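Here chain A shows up in two complexes: once beside chain B, once beside chain C.
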Partner chain A sequence: MNLDWLDAFLLFGTFQVVMVIGLALLLHLQLGLARIANFGVVGFWAIGAYAFGVLFTKVDWSIGEPWPFLISMLFGTVVAGLAGLLVGWLIADLEIEGVLVGTLGFATVVAILVTTERGLTGGALGMGGLSFPFDIGKTKANELLWFGILFVVVGAIFYYVWRVHRSPYGRLLIAVGDNEPLARSLGKPTFQTKLWLFAIGSAGMGLLGAINGVMVHLLIPEGIGINVTLAAIVGLVLGGTARVWGAVLGVILTVGFFDIVVQSYLPLPRSWYTQAIPVLREMVFGAALIIVLLVRPFGILGDMRRDKLIRSTHRD
Partner chain B sequence: MRRTRKRVPCSEGWVLFDWDRQLMDLFSDSLVIGLTQHAPLILAAMGFALIYRLSGLINVAYSETITLGAYIGMWINTTFDLNFYAILLPTGILSGLISVATYLAIFRPAKMRNVGVLEMIIISFGLSIFLRHGLQFVFGYPLRFYDVPLPDTIWVLGVGVSSFRLLALASVVALALLLYWFIQRSGFGLQIRALASDEDLAQVSGIRPLFVTVLIWFIAGAAGGLAGAFYGVGTAVAPLLGWRQFLFIFLVVMVGGVRNIGGVIIVGAVAGVALAAMTLQFGQALYAQLVLIVGFVLILKVRGRRLTEAAKV
Partner chain C sequence: MIDVANAPTVTRPQIRIEGAVKSFAGRVVVDIDELVLGDSPIEGLIGPNGAGKTTLMRMIMHSAKLDRGKVTLRRGPEEDVEEVVLSDLPTHRMAGLGVVKSNQVIMDFEKLTIWDSLLLSLAAAKYEHPHRIFSEAPLFEAHAEEAREYLDFFSFADPTGFAQSAGEKKLLDIVRCLLLKPRFLLLDEPTAGLPDELTEKVMEAIRRLASEGTSVVIVEHDLNVIWSISDEVHFMAEGNIILRGPPQTIRENRTVVEKYLGEGHV
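Let's turn to the complex of A and B:
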């Protein structure tokens, strides 16, 4: 297969955009519907990647491919889900301050453990040995196939989120976000709902982390900074926290602009790309958060669309 | 300790003595190291708590007030060739002014627009990211250092402490007393407390909310900036300086700041001593941080549940 037309930067940038879309979609359920400020996205993302990596590279597998890979992938997802369950249990009945401190604290704990447990994670040197479970020729072909797999996974996440919007579970999430005591007094299990929301969302983030780890081949502690969380939040907020398409649109406009347009198409001096562009990218993201929330708090797409019955109760 | 006493036979009394002394040493060491090394933490937590208690705002960008304080101090120190003691006043004033500027430019308009609590946090998060990366364009990417002579070592309880750290501790004590007096005893303090408890009522009683709020942001900013300068002179000045401390400041304020500023000071001191003791025990500062984060979050969890139970009645 001739893939000369495909720029390696372009492929990598598109991969990042699609992955962040997945994260933002999962965050949308937590932040947009249930109004839980999860600032620890990167923690779940990283714990999935590292759990996958540790099982895949440290265990002496006796069964043949692709089983070790698939089992490790599943392991990473489940570990992230369990972490989500734990964090959810910690923060589900706390006020917004507690949620913020709990999720930020979790991300910090993951970062600390990754640095200290050198035997498992390679510490600051990083963890290598993550490779594609297939080999269909050139590197670029492998990466393209892996991108296809990511695309399918994010597509599945999109379908799930889209279904949630139109399900009783989604309306329950919105009710929890709107007025939790009311939802509870009407007999809804709000604590349990939040717990499941965190478990499923975190499992998805962990899976995306593992998929990303395979793409980049090397997991390093610097890679799990707050910028991952920021990318998901800024995309979601710009597009519209309450809308499914908000995550997609916002991430394309923010991460897409910097990782695809600036990275591949703008004629900028090469020396800028090492330091100035990444710093400028974060700066613009920060400014975007402020401006959007001040000027258009619901983002580009606006507030969520509700079905007729709920709309009629809101009209006064 | 009592259990050890029971287990160790009397004939081996010296073992017991030795063990006791080790424990005492560990205690005094961690007391001195913890209080002096983590004094800026207490200072910063006091500033953070002021804004939090006045307006209920969790200002994530407070971490950048600290970072900016460190950078401003470094800039004054290296540009005007002033010694470290002379830069503290201008650093505090400039940091306070920047803090007031962020309030007037962003948080006040946001409040006018009735932005929700969650959105307010995201706005302050955005501001934090913006400032953290923006200052790299101003001050450059590499680490920067204060140009100061090596500090004198002063021996306290058998532990060598640098004079800068003792100064940090001294200024924390001074500022804490000043703040306590200011908030609990002075007329302005009464206005601040009135504003924090009921804004409408305070306004009706003739309190100018804008003036008092600006004053609070200035004090908080000055405290944060000084904390940053003390952090910066101890190690290096880097864009992540404040952000690395933010979680601990936040935890200290959450755990200690329920009632008043005194709680913040006590919990801050306890956190500092605990960090130092655990670092000495584990030989690894990161484990100490880990234990502290988990412990504090568990405290919040236990207390949070009790509060909601009480609220149900």
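Let's turn to the complex of A and C:
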């Protein structure tokens, strides 16, 4: 297969966009529906990546591929989900400030552990040896196939979230976020609901982290900074926290615009790439966020429209 | 009209409150030695503002934590009464036990339509698990009829939209409670803010529920409602039930007149 037409940079940029869309969709369930402000996205994402990496590279597997790979992926997902359960249990009944500090603190703890637990994670040097579970020829071909797999995973997440909006579970999440005491008085176990939502969301974030780890081959502490969380949050808020398409649109407009258009196609000086661009990115994101929140407080797509949804789903 | 008092004998659930004390910021608001609710099908609970009526109801729901004391639900047939200590359970367990309370102050889900609210109330836990992403149709199938009955009965203007007026929100709150199929229903000023014809309808629904075996306790300042619907009335003042009896007796009682009704009421 001739893949000369495919720019490696473009492929990588698109991979990032789709991956962040996945994170933003999961965050949408937490923040947009249940109103839990999870600022620790990167923490769960990193736990998934490292748990996958540790099991995959440190264990002397006696069974053949693809089992070690798949088992490690599952392991990363489950460990991230368990971390979500623990963090969820700590923050589920806190006020918004507590949730913010708690989740942010959790991500920081993960970053510190990754740096200090050198034996497991390789510390600052990083953890290598993460390779594709297949080899179909050129690097680019392998990357394209892996991108395809990510696309399917994020597509599945999108479909799940879309269905949740049209299911009693989604209604429950909205009720919990909207008026928790009232939901409780109707017999809804709100604490448990938030806990499981956190666990499921975190597991999904962990899976995306592991998938991303395989794409980049090398896990380093610099890779798990707050910028990952910010990309998901800014994209989601910009597009509209309460809308399914908000995550997609917002992330394309922010991460897509910056990581693909600006970085690949604008003639920026080479020397900018390591120092200036990451800072520029945060600045542009911040500015975009402020402008949108001033002009359209609910994001570009606006607030949830349950009346429309109910009319279309329960047409008599 | 349904003759509630002479309806076929059913074992009604009762709520027993023992040594229950609640204070806010050091001030005792409710202090009840012993009280049993649910002896009669519909019991009125009246008393001046700040007497502690709402707080007492919230203590029963365990949405207000007791300083000390105990609230117990007794239900089941005479020879095999089951007792559940409500004050040991979290609030969200009450609905499952059939203990339900409507709200004095308007409570609503801003983001949910009227239909949403009703379906939320009707949905059992099995429909609401995270993996049940196709359970809206079965839920609708199983319960839409019930919801529609109430929507028609109370003639909501546009049930696919949001509750608009304060009255509509208040009514929606009551309908949500009714859809939970309460066995013990606590109503905190259910008709405040409702137009007369809706007040009548709410009363009719409550009478029907009571005739089917639900115990109802109703707090109201509209005393015409209390005198007409209650089989028994509790008079509460300063955190305590100081009198109970048939509506007529309470109405003419000196203390009640002095503390609450004012002279010239009778």
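Here is the rule we go by: the second predicted complex is superposed on the first by the 306 of 316 C-alpha atoms of A that agree within 3 Å, B and C clash if a C-alpha of one lies under 4 Å from a C-alpha of the other, contacts with A are read in each partner's own complex, and residues count from 1 in each chain.
Everything that follows uses one rule, which is that a contact is a pair of C-beta atoms (placed from the backbone, for glycine too) under 8 Å apart; a residue touches a chain by one contact, two chains touch by 3 or more.
Predicted model, so just to flag it, every value in this text is computed and none were measured.
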| item | value |
| --- | --- |
| First (chain B), second (chain C), both or neither touched by A:Ile233 | first |
| Touched partner set for A:Leu90, first chain B, second chain C, both or neither | first |
| Contacts of A:Asn2 with chain B and chain C, given as first, second, both or neither | neither |
| Which of chain B and chain C A:Ser62 touches, first, second, both or neither | neither |
| Contacts of A:Trp196 with chain B and chain C, given as first, second, both or neither | second |
| Touching partner for A:Ser271 - first (chain B), second (chain C), both, neither | neither |
| Residues on chain B engaged by chain A in the complex (per definition of touch) | 58, 106, 109-110, 113, 115-119, 121-123, 125-134, 136-137, 141, 243, 247, 250-251, 254, 284, 286-287, 289-290, 293-294, 296-298, 300-301, 304-305, 308 |
| Interfacial residue positions of chain A with respect to chain B in the complex | 31, 35, 37, 39, 90-91, 93-98, 100-102, 104-105, 108-109, 112-113, 115-116, 226, 230, 233-234, 237, 275, 279-280, 282-283, 285-290, 293-294, 297 |
| Contacting residues of chain A [partner chain C, same complex] | 160, 163-164, 166-169, 171-172, 174-175, 177-179, 181-190, 193, 196-197, 200, 242, 303-304, 306-307, 310-311, 313-314 |
| Complex interface listing, chain C residues touching chain A | 61, 63, 90-96, 100-101, 103, 107-113, 115-116, 119-121, 123, 125, 127-130, 132-136, 139-140, 144, 160-162, 176, 180 |
